[in-house]
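Take this structure, written in structure tokens, and hold onto it; I'll ask about it next.
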């Protein structure tokens, strides 16, 4: 099967790391296409970056209409609902994959993520998925995403400190790492703390493979009905009168 | 005060209708700037349209950095969280405005919207706002948004039928009209059914005025910290290595 | 419009403070009638005071049948549901107004109120409104309401300490002041902490004006059907046999 | 033990019926004091009646300071929280007693009550108690409370119809009768439908006896701290300046 | 009435303690049959013990088909749903009895139990009953159940420390003791802390008596339809082909 | 990897069908051990059967200590929590696997199961997993489990009727088949209705493979700490005094 793994930000070193994490767990017969948008934010931290990345993400999706499944490799699950309208095969975000996996190997998990400004979006997602009940806490290290690329050791120490607190104070018995840029840390931290430390990329890749193996595809009978494909939306959907404005003052 | 009222789709007749609804209720001192993106979907129906409209919506926001408040005139509250990162003044979506208003004038409201494919997104929003507890039902007429422009009478009959069912079967004592394109129907339907039939545009305009009058602005201490302004994100935030891809096969 | 602003306790200095806060934000055309019951508790702190204040509150409402809207200036939203049965115009409590406003300018708010004994009632209200999801914490200063009148500076220091903890420990990005008697503190505290510190009186006044401007009135189609007006209930509704008791022993 | 059973409305025939239902299930050593307020609404249907009955209810409570436990015999659980501040012994409402009992003898119960206007208050109560999860539906017969006194047979037929629908359509396996005035119907309806049809009065009496037998009293460590006793609140708590008004216009 | 009080573990000293606690509060006419399984775990701590105790518990139930009511004296409410399928009379677990009682005498209760590994099961139960809303916290002393038998004083000190924290930090105004083995501590701890400290055994016994006195029995119209009785299930329900296995490899 | 797939009932034809469904989707390197208990109920329908099957299920687990992962092939997820205490590898129930899968390929799923008496247990599970938010409805065909074996065609017609209603009336866009005995129907029904019709066995097998491939095992840091292994609990854990009873009367 062809599996599109999209990093919705434009930092190639993260895309490479995500690609390696995906390759490491994928089945032999899975062809991983790890890629990223041509333009957009260099990292996705908070609501504005999420919105700002969608244009590039949709363009990537439009360039790969024939893949069998898609993983969105951003912990905010950016654009997953929109992509489900574009593909027949399953589409999974690494955030939801990690939450679902954690629900099946632990009683209560905590999330350790990067910046505090990302917490409200993650809380919203957990509520939407229904899995907030299984989440003991969401903790931010306040390490920016790109610092994971430049100062891995310093970042890891801060992440470990939050994991310790999540276990000790919040009663978590599993940890979800809340950023695709942490995809190389889970094994070491898992051994160190003696409990599952879960990376979303590997969960999303193996889970989307599982859905395909179980014969499942995205439902087209509800909110994910097919959007038209093969065109760049902003070029062709514009109504003839779109330049007009209801009121000219000060625009 | 200067109030930006953005219709996130590109249908100018809807922008005009929204502008009229806004003007009809705004305070004398409020300058309404009703506008729309230069490109993007002609209507916003479901997850793909929402994602697809954000690029244009952010561009509109970037062109109006000096307004005192913003109303997003799409019932899905498209991009409201992102815009809150861009403005100091309050930003409200017409969906949330209508839900909050309905919560204060009724015991349980129902939403009557256009296409079924929009229901999951509205359910998600109600859950995120916490107001699903006050919502008796969400009903779709399966009238497409743009048909409200072309066949108003036919659409109104279908909307009225759903309102009748919402009152009779679901126990609603107020109705929220789930589309900016219905902004001219609420008065007539309210008289007909003898209960509040609520249009989001008028609620959002008067509520955002209320927040400004009460001296409130958007918090910058949590998830809405300021995004950088004055630049088009996709032009300037691209990292130098962004064209690279982690794996070249078949992209 | 005529706006009745009722302080449901009998402390005139609080009524005066509430009246000033209301006047400060009301539209030019709004006539504020700030008043209070003739009898009842001097402050409303906890379940017994709430129940004990209702007789006086209903009497005030019966004396003002012709107002266009009502604000109940007690943070417990005492009697709001009952008053909605008595008026066609909108009726808002300052607690709910502040919660709704906070939901639109922040991701998660904390409430800082007076006595611990008021917390369970506030929790119940947040649950009823559906907005507990947006509330990070409710904190009590254990400053009695009337001490706000007599020792403003001491009270303010304790309130500020709780605000600091709400931001630091609970992750709040906005604060709701949980007492009508704090209506003169929000501006100063907002500047000090750099985030919205929200007073319910100003929110309720401007929001009820917004509802009126949007053409909304209280639904009479559900739980708020009109109670009979113009009579004092306890004088006229008593059934002929009301003095009797089913069993005489020891009453 | 002395058990105060208060009917918060002023209809003596209901008080008598409630007294009989209480006597029928009480332990031999329990002295039932079934009584009612001297003034207030003749029945309690909806938010306005609830608020309007509280003054009389508090007066009844103040006249019986030395009872060991209290049952509030109104299905809305009117004033239960306030009375818990006045008594050391346990205080139970017949609504909550029936909900808790139903939770222990069935999987999902439905409530069949009188007027539709009472539904929102019951929904709020179930949410506050946390028991809405166990409630399949709340149905109104639209039989006014006092018609239960005058036309028992007609009322019973309508109640039976709703019970049938609750079982058939809503999947209820127990029914809670939602009015103290139905306290003579549960046995017959239970036999007819072959499932528990639960009367709140008998549940509340036996449950409050159970709490006393288990040695439990109302906690005074949280929201139910003691209110001062032995005084009629509206006579003595009025502040000296209470007649003043912050603004004289038009009051 | 005949009341079966089953301790689902095999420690006779706990059964004796439970029997004494039951006798101490039961009505004069109640005949207590305190008993335990012939085999199974010596204490019930966590999911494995719960599952492992069910065989013995069902056997005990099958040996007592003619009792009027049943109390399951394990705080996990082990097997309560299954036993409700076997008896017409009411069946209550000591956990649920304590939660319901606490809900009626306090605003928010905390649970203090033995081992941390029991917390997830208790959380699940509170969620199932709907009462998690009323629970401020669940705290573990990490005192094993059987140590309550051997080192009462040491255990009591640790329990008292957790109670102090529950009141101080979590805002509890009542405490539920989360183990049948603590049934001799509640009175002393209640006096020491000045708030209700609730033992499940005494609540369950008096509450099940209350349900019987109110004329209630277990509904057979939903999930608790009668299981066949009078036979040991594993002896007679085995299908003829049950020894076979779909695949022989490595079993 | 060695994958234990346990059918917790004793009907060999169901074990065979489950084994075939598992083999059909498993990876080449997965060795499926499909088996069943030696004794216990012939089908699992409702709370009593669940409890009654646990003894046999634990015995099966004890006989296979060296498997890499476990699937419990009963839609009630019988004993999954207990088995997680016995194995280091992941353990999944077919109910939860199907719910998680449905959450990733649809907006809202409905469950179609066998007998009504199973509904309360499924509702409890959905609540525990947190996924009730994503569930539109649970419907029972009232076809007993074993009739699926004897009268497949008749059963399929009833299942199809419920699927039709779930889509039409409840707004489901995916269906979960609520019984291991339906594991041969999903493909045909999926094509017929044009939406995902999900079988739990194939989901559980591929998902547990996914968890193993992602390097995850069951957390031993919380509620799933290791239970002692290698002994039949009821033989060895019995305390010396276990035959005693606190009171001899009538046992």
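Read from first to last, the chains carry the letters A, B, C, D, E and F; within each, the first residue is number 1.
Heads up, the rule we're going with is that contacts are C-beta pairs under 8 Å (C-beta built on N, C-alpha and C of every residue); 3 or more make two chains touch, one makes a residue touch a chain.
Keep in mind that what you see is a predicted model, and the values were worked out from it rather than measured.
Undergrad: Chains touching chain A and chain C alike, please list them.
TA: Chains that touch both chain A and chain C, as defined above, are B, E.
Undergrad: Considering chain A as a copy of chain E, what rotation angle in degrees (nearest 5) results from a C-alpha superposition of the former onto the latter?
TA: Copies differ by a rotation of 120 degrees.
Undergrad: Using Cα averages as centroids, what's the distance between chain E and chain F in whole Å?
TA: Their C-alpha centroids are separated by 26 Å.
Undergrad: Could you state the distance in Å from the CA-based centre of chain B to that of chain C?
TA: It comes to 29 Å between the two C-alpha centres.
Undergrad: Centre to centre, by mean C-alpha position, how many angstrom separate chain D and chain F?
TA: 43
Undergrad: Could you state the distance in Å from the CA-based centre of chain B to that of chain E?
TA: 51
Undergrad: Check each residue of chain E and list the ones that touch at least two other chains.
TA: Only 107-108, 116, 119-120, 127, 133, 171, 222-224 qualify.
Undergrad: When you draw the chains as points and link the ones that touch, which shape shows up: line, ring, star, complete, or other?
TA: other
Undergrad: Could you please write down every pair of chains that are in touch?
TA: Those chain pairs which touch are A-B, A-C, A-E, A-F, B-C, B-D, B-F, C-D, C-E, D-E, D-F, E-F.
Undergrad: Which of the residues in chain D come into contact with chain E in the complex?
TA: By the definition above, chain D touches chain E via 25, 27, 90, 92, 96, 100-101, 103-108, 129-134, 167, 171-174, 186-187, 190, 193-196, 198-199, 202-203, 205-207, 209-211, 213-224.
Undergrad: Once bound in the complex, which stretches of chain F touch chain D?
TA: 116, 119-120, 127
Undergrad: Flag every residue of chain A that touches chain B in the complex, lowest number first.
TA: 2, 7, 10-13, 15-16, 18-20, 31-42, 46-52, 54-58, 63-64, 79, 81-82, 84-86, 116-121, 124, 127-128, 222-225, 227, 233-235, 237-239, 241-247, 249-251
Undergrad: Spell out the residues on chain A that touch chain E in their complex, using ranges where they run on.
TA: Residues 107-108, 133, 171 of chain A touch chain E in their complex.
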